[in-house]
Amino acid sequence: MFSISVFLESFGPLFWAARYTLLISVLGIGLGLVIGTLICAARLSPYVWLRRFAMLWVSFLRGVPLLVQLLVFYYTLPVIGLDVPAMVAAVVTVGICASAYISEIWRGAIAALPKGQAEAAIAIGMTPQDVWIRVILPQAFNLSLPALINELILLVKASSLVSVVGILEITRASQAQAATTFRPLEVYIAAACIYLLINLCLAVLGRYLEHRTAI
Amino acid sequence: MVSASSVEIRKVNKHYGTFHALKDIDLVIPPGKVTCLIGPSGSGKSTLLRCVNFLEEYDSGEVLIDGTMIGYEAPGKKMPGRKLREMRRSIGMVFQQFNLWPHMTARENVAEGLIRVRGLSKSEAHRRAADALAKVGLADKMANHPSRLSGGQQQRVAIARAIAMEPRLMLFDEPTSALDPELVGEVLNVMKTLASEGMTMVVVTHEMGFAAHVADQVVFMEKGELVGVDSPDRILHHPEDARIQSFLRTYHERNSF
Amino acid sequence: MDWSILQQYGPGLLSGFGTTILCWLLGTVFGMALGLVLALAQRYGARWLNRVIQVYVEIIRGTPFLVQLFVLYYGGPLVGLRLDALPAGLLGLTVYGSPYFAEIFRSGFRAVPHGQIEAARAIGMTEASIVRRILLPLGLVSSLPALVNFSIILTKETVILSIITVPELMYQVQRMSTETFRYLEANLVLALFFWALVEAISNAGRWLEARITKHLVERT
């Protein structure tokens, strides 16, 4: 039988562990934004080698399962002499993986802007830098906000995989909880509820932002 | 030619929310005749036409095809889908946007209804489809997909699709409005041929020339109301109602240069 | 390179590869089938059914696949659902994919112009015929790129099945690497393998799409 009390009691430790889920997701998307912007710039640059590198980067990270990426980075770091905590490795992996998707989100948003806008800006004598900074990027950012929130939701879910390298986020905590209570059903459903709660909040935030920036 | 249907429209009303799209429409469409519906856009003429085969549901009143009400068994009581489909079998419809099925060739488009609705064998359906396509002058385009046909050819396939079902009534919803001007003639010619064979036809159109030469009666609508029903000559050349006069004045100004 | 490793682990890797492909194919096919049923139910079903499906979609899309697997595989026995790892994994993939597939089909159906449905109604076709002859073929074609895209995502999700001990490729590679201590090499090879697989599937998808839409594109 489904035990309501076990279910409810699981929430305490799992909420505590949710800090790490959120931390990894938010830091991951922050890192992903930085790297993703650079990759997108490389992709749109006039240098063919930079473009090729960016394409390879995106293709590789989108072609390889996150779990495999995670293990590759996790095992690579000590080999190249970087002895970092598992937490750092996790954030770096999640961020690098997100960068591929974020650079594509940027690229899509920039491509979606009417060409005439840049032309109009050039026509009134703006420099190319001004065109990017004043006209293209602000609009691209607004356009891609919903997609970025969506990416954050994906990262919250993907962060469950870092449990395999021993980080005590929601999923790992629920495994521990399930092992001590011998009630995996209740515990894992509680974990699912917490993920659902986080993601619903993010979805609401996304809709609000979309609404606010709608032109 | 098979027998031709008559249509009787009695006190038909239609609302979209608070918008009153059709206001107490009364109209008799005699069998074997061509009736053209004209009027400014938004006047309700397409809506009225779509009520005749119940693609558009009217709120009150009656639309009778050969004396049988379509869509409802009694006021407020919808007719079962099977009966509605049976009535629609004898009503052909041609749309402004052709609405051919893009994944089928011209011949398959025409044969589809014969197979699924009339229950003909595939070979018989394809034979009749070929006949219908020959009739609209497209015998050589049977194997083409719609994407490989011009707009005028697509609309002729759509007409063939409708007449292959051997309807007793044909509805045309602005059949030439989506066509480039040079392709309008070929479609109107096919429609003239049909008219000369004694098919009952109801045509919503902006082609005043077609209405003047082919129609037996012309109906003028504005703002959901039926303003005038009369011979083409009386409506198009000697209109008495100021609203018709003003519509025709605008029409002539636009089409002269 | 030490070839004896390959000799020792070759058969395991090969069967892992087979299991991965099996999971991907069956997961895609079953997930698509369930998604199609959901999409049709949402289009033609009663309003309450629509609500129920909407809640199901939100729950599955709002939770991690791994947690769904845990609920199913470790929690299932508590309510009498005892499944081996592989069937549990397949069921998990099916459930996980279904709302995404349903969403893809729903927007594919929306892309079918309403006039083409009306034209079928006007000649008296039954709704069942319309679904089978008009809505499905046209809706599937416009869903194709998204379907390929999502089946690629599923390819990558199959590795998560290793965590509940489904003996697919990832599982076999981990077993091999813990025994040989070649963690990095093993995982790098695995990464390259998936990269190649995903590229191959997306190329095949593009080819298929070009072939199928040949007739549907206006000649210019």
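Note that the chains take the letters A, B and C in the order they are written out, and that residue 1 is the start of every chain.
Basically, contacts are C-beta pairs under 8 Å (C-beta built on N, C-alpha and C of every residue); 3 or more make two chains touch, one makes a residue touch a chain.
Model, not experiment: these values are computed from the prediction.
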| item | value |
| --- | --- |
| By mean Cα position, the chain sitting nearest the middle | C |
| Most widely separated chain from subunit C, with each centre as the mean of CA atoms | B |
| Pair of chains with maximal C-beta contact number | A-C |
| Between subunit C and subunit B, distance of the C-alpha-averaged centres to the nearest whole Å | 45 |
| Length of the line joining the C-alpha centres of subunit A and subunit B, rounded to whole Å | 55 |
| Approximate Å spacing (C-alpha centroids) for the pair subunit A, subunit C | 22 |
| Touching residues (chain side subunit C, partner subunit B) in the complex | 113, 115-116, 118-127, 129, 133-134, 137-138, 141, 215-219 |
| Residues of subunit B that touch subunit C when the two form their complex | 53, 55, 81, 85-89, 91-93, 95, 97, 99-103, 112-113, 116-117, 145, 147-148, 158, 161-162, 165 |
| Subunit A - residues contacting subunit C, complex | 2, 59-60, 62-69, 71-72, 75-76, 79, 153, 156-161, 163-164, 170-171, 174-175, 178, 183-186, 188-189, 191-192, 195-196, 199-200, 203 |
| Parts of subunit C lying in touch with subunit A, wherever the complex brings them together | 58-59, 61-68, 70-71, 74-76, 78-79, 156-160, 162-163, 170, 183-184, 187-188, 190-191, 194-199 |
